[in-house]
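In what follows, subunit A forms one complex with subunit B and a second complex with subunit C.
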Partner chain A sequence: MAFINLNNVTYKYPLTKTPALQNINLQVNEGEFVAIVGPNGAGKSTLCYTLAGFVPHFFKGEISGTVEVAGMDSSKSTLDEWVLNVGLAFQNPFNQISGAKYTVFEEIAFGLENTGVPRNEMKPRVEEAMKLTDISNLADRSPYSLSGGQQQRVALTSILVMRPKLLVLDEPTSQMDPIGTREVFGVIRKMAEGGMTVVMVEHKMEWIANFADRVVALKDGQVLMEGKPNEVLTSELLAENGFGVSRYTSTTREAKKQGLWKKENLPVTLDEAVEGFKK
Partner chain B sequence: MKIEINDLRFTYPTGLEALQGISLTIESGEQVAIVGQNGAGKTTLVRHFNGLLQPTAGSVLIGDWDTKITSVAKLASRVGYVFQNPDEQLFSKDVGTEVKFGPRNLGYSKDKTDELVKRALTLTELSDKTETNPYDLSPTWRKMVALASVISMDTPIVIFDEPTTGQDALSIARIAHVIAELRREGKTVVTITHDIDFCAENFERVIALSEGRILLDGVAANIFGQDEVLAQTYVDPPQLTRLGKKLGFKETVRNQEEFLTSLRGTSDSE
Partner chain C sequence: MHERLSFFVKRDSALHHLNPLTKIVLALSIILVSIFSPWYWTSHGLLLVVIVPLVFIGKVANEYFTSALRLILPAAGFIFFMQAFFQPIGQTVIFNFWFLDITQESLLFAFRIATRITVMISAFTLFLLTTHPSELMSDLTRRGLPPQFAYVIISTLQILPQMQAKAQTIIAAQRSRGLDTESTFFKRIGSVVPLVSPLVFGSLVEVEERAIAIEARGFTSKKAKTSLYEISDRSSDKFIRWGLVILVIISIVLKLWLS
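Let's turn to the complex of A and B:
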């Protein structure tokens, strides 16, 4: 059975009229890296909350269909079982920082402390996670004294250190500098290759195409399309529905109209664009 | 309105030297983008423009006002600042009140206030949401409310701290439109951004900061051509610039139009 199995999931937040998710069917295998794309208001964050158990356990509201993750069934499991298997990095890192810790090091150890990891195991795990995301130099800083992008790296590290089976990331690089973004994508790719399942909401199409295995396009709470990154991210359907595309895709689409691009498929990444224009 | 910065240094109480001697002049009506790696000092720099931070050494002049001896309240009439995180600046019970707060506090007449509010709401496409509590809106729209509540103040200088973060294509186009409109009105605009493609398409002058110093400052096309220097501050050139370079274009291209022109040039000559 798939590692994530969403079957006909429809969900409505309390006090709202329209469902945020409608008839979502999604299967993800263990170790797969899936990117979720879509315009604002498509239901991307709600889908993240659902995978992380926050919907419905924290947000309440009405849910139908089945949500199964890592062998747990959302209707039968509680949030404290859920957190041992699934880690969620919030869209706004500021909302995630505990406020109870004075240093970045302690902040990253917070989850381990709360799940009863022994002290002598905690320290090397925190150090290793900080090395992975290249923030060892921030260890003694206050989490609140950091820049937006640094804070985002801390938020991500505090999840990675927990070694969740499923990593759910809601725009984890939105405040990061460009090369930092690429590095973080590389780290996440490595986690997936090590067997961690990853679901990531992103707008940065170039890096999705370089690193993700599969793309799911959401609109108005529904799955509009899913498939291989290049196939989804260059499709006319996405362009017509107001999805963002990489400049390689949009400019090549125009070049194709003018007869300057001879291939059938459009590129999403630099390499694909170079290859197509060169011949 | 002009911004003049003279050997600006700033050290946080923790001892972190965030700015290590910045000298810079931004002319009236100029549109400038600031790029650079996380922690380079971008936000620290612009927080000096409206007096939120005071120089440890050196000076910042906003027009003829020295920020060291001018109150933040007074500076607010010259410098509008849209925060990176809208939740740090929104507090009213509905969007209409929020957007009206700034101009009303600057003492504009009721007619002028109404006109400014209306224009800000139209530009940000919030006209149908004036009754809504900002916190009932999605983060995307909250960002628009933050934008509207600053541009309604009609200040000669407007600062945007990462305006496109977490925004979709439609919303980014809306922000680009707001900036174009401010340019047309002759406002000075300073924008911090990591979105280099957005930067390339909307700004003529680019300043790259690195570790509290200016690494590069100049015309966008020149800056983006220097990919090795930019890499020092963790910035990649725009996608089309990178592609043009790989394809061996002689010129540094920034946007679709320049790219297609150069592409035609190379295919004609073959």
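Let's turn to the complex of A and C:
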């Protein structure tokens, strides 16, 4: 059975009329790296909250269909069991700083303290996680004195240190520079290769094309399309539905109309575009 | 912008190494003894013989005397003069101004009250200077304080300065759009709404996100919590605590017995 199994999931937030998710079917295997794309209000964040157990356990509201992650069924398990298996990091780093800790090191250990990890295990795990995301030099700083990008790394590290089976990320690199983005994508790729399942909402199409195994395109709470990154990200369907596409895709689409692009498939990244124009 | 609401000064001293609870008990017993002791000299005695040496043992003399000058002296001085002038006791008038008399008795009384206030503020300043807030909260949580309560205290200390910084940003943003914050009183009252509403509503949204974030890190997990740092609680700590409790009891008994 698939590691993530969403079956006909429809969900409505309390006090709203239209459902945020409609008839979502999604299967993800263990160790897969899935990217979710979609315009604002497409239900990307709601899908993240569903996978992380916050829908319906935190937000309440009406849900139908079945949500199964790592062998847990959301209708039968509670949020505190869920968070032991699923890690969630989201966009605004400032609100992910717990506020209960005075240094980055303590901040990252917060989740371990809460879930009862013994003290002698805690220190090496925090050190290892900080090394992974390359923030060891920030250990003694106050989490509030960091830049947005650094705070995002701290937020990601605070979740990685808990060693979840499924990592759910909602635009985790929104405040990072290109170098930071590449490093974080590298880390996430490594985690996926190590067997962690990753579901990530991201707008940076070129990065998705380089790193993700599969792309799911959401619109109005429904799955519009899913498949290999290059197929989905260059498809006409996405362009017609107002999805953001990579500048290399839109340029070559225009070039193809004028007969300058000879290949059948459009590129997503710079390298592919250069390669295609050379031929 | 990144400052935080904490008096703690990191030093390596015997006082810093005491268990946080021991330091609370110490501060409270100094205050209680100064209130209950029947002798006139207790408060200034405590100040000279207990608090000042502790300040030096804790290696926080600089910080203590700065805050003493800034906070303790004005507060105690104010109370001293109020009591000296307005306490209607005693016959021996020393000083007279219009209808106000200072008598020998009111002077002594004022001195006693002022030193008592000084002892109270000093004891707590000393406690705050030598105790890290998160160490205090971890220790109290370990002893049965609900973690939610500890979280509220600690996060408030950290988040308040952040909110202050945000308020400054909002003020700057609204002023750059022409909001009047410097003219007449009534116009300024009118400009409160566009300043306060983004701050309040923004904070409410933040609270929800922060709740999700700490929940995602197992805050309400039913597993027994552990702590990154071991907080020492030696047998000497227990000995000091019980000794202090006995001192307080003695001073209460003496008060009841002698008066």
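The working rule: the second predicted complex is superposed on the first by the 279 of 279 C-alpha atoms of A that agree within 3 Å, B and C clash if a C-alpha of one lies under 4 Å from a C-alpha of the other, contacts with A are read in each partner's own complex, and residues count from 1 in each chain.
Rule of thumb we're sticking to: contacts are C-beta pairs under 8 Å (C-beta built on N, C-alpha and C of every residue); 3 or more make two chains touch, one makes a residue touch a chain.
Small disclaimer: the values here were computed from a predicted structure and weren't measured.
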{"item": "Partners on subunit A (subunit B, subunit C) - clash or fit", "value": "clash"}
{"item": "First, second, both or neither for A:148, with subunit B first and subunit C second", "value": "first"}
{"item": "Touching partner for A:92 - first (subunit B), second (subunit C), both, neither", "value": "both"}
{"item": "Partner chain in contact with A:254 - subunit B first, subunit C second, else both or neither", "value": "first"}
{"item": "Of the stretches 62-70, 170-178 or 242-250 belonging to subunit C, the one that collides with subunit B", "value": "170-178"}
{"item": "Doubly contacted subunit A residues - partners subunit C and subunit B", "value": "92, 94, 142, 145"}
{"item": "In the complex with subunit A, residue positions of subunit C that touch it", "value": "2, 4, 132-134, 150-151, 154-155, 158-159, 162, 206, 209-228, 230"}
{"item": "Subunit B to subunit A touching residues, read off their complex", "value": "12, 14, 16, 35-40, 42-43, 84-85, 87, 138-141, 162, 165-172, 194, 196-197, 231, 233-236, 238-240, 242-243, 246-247, 256, 259-260, 263-264, 267"}
{"item": "Of all residues in subunit A, those that touch subunit B in their complex", "value": "38-41, 91-92, 94, 141-142, 145-150, 153, 171, 174-182, 203, 206, 242-248, 250-251, 254-255, 258, 260, 270, 273-274, 277-278"}
{"item": "Contacting residues of subunit A [partner subunit C, same complex]", "value": "49, 52, 54, 58, 79-80, 83-84, 87-90, 92, 94-102, 105-106, 109-119, 122-123, 142, 144-145, 155, 158-159, 162"}
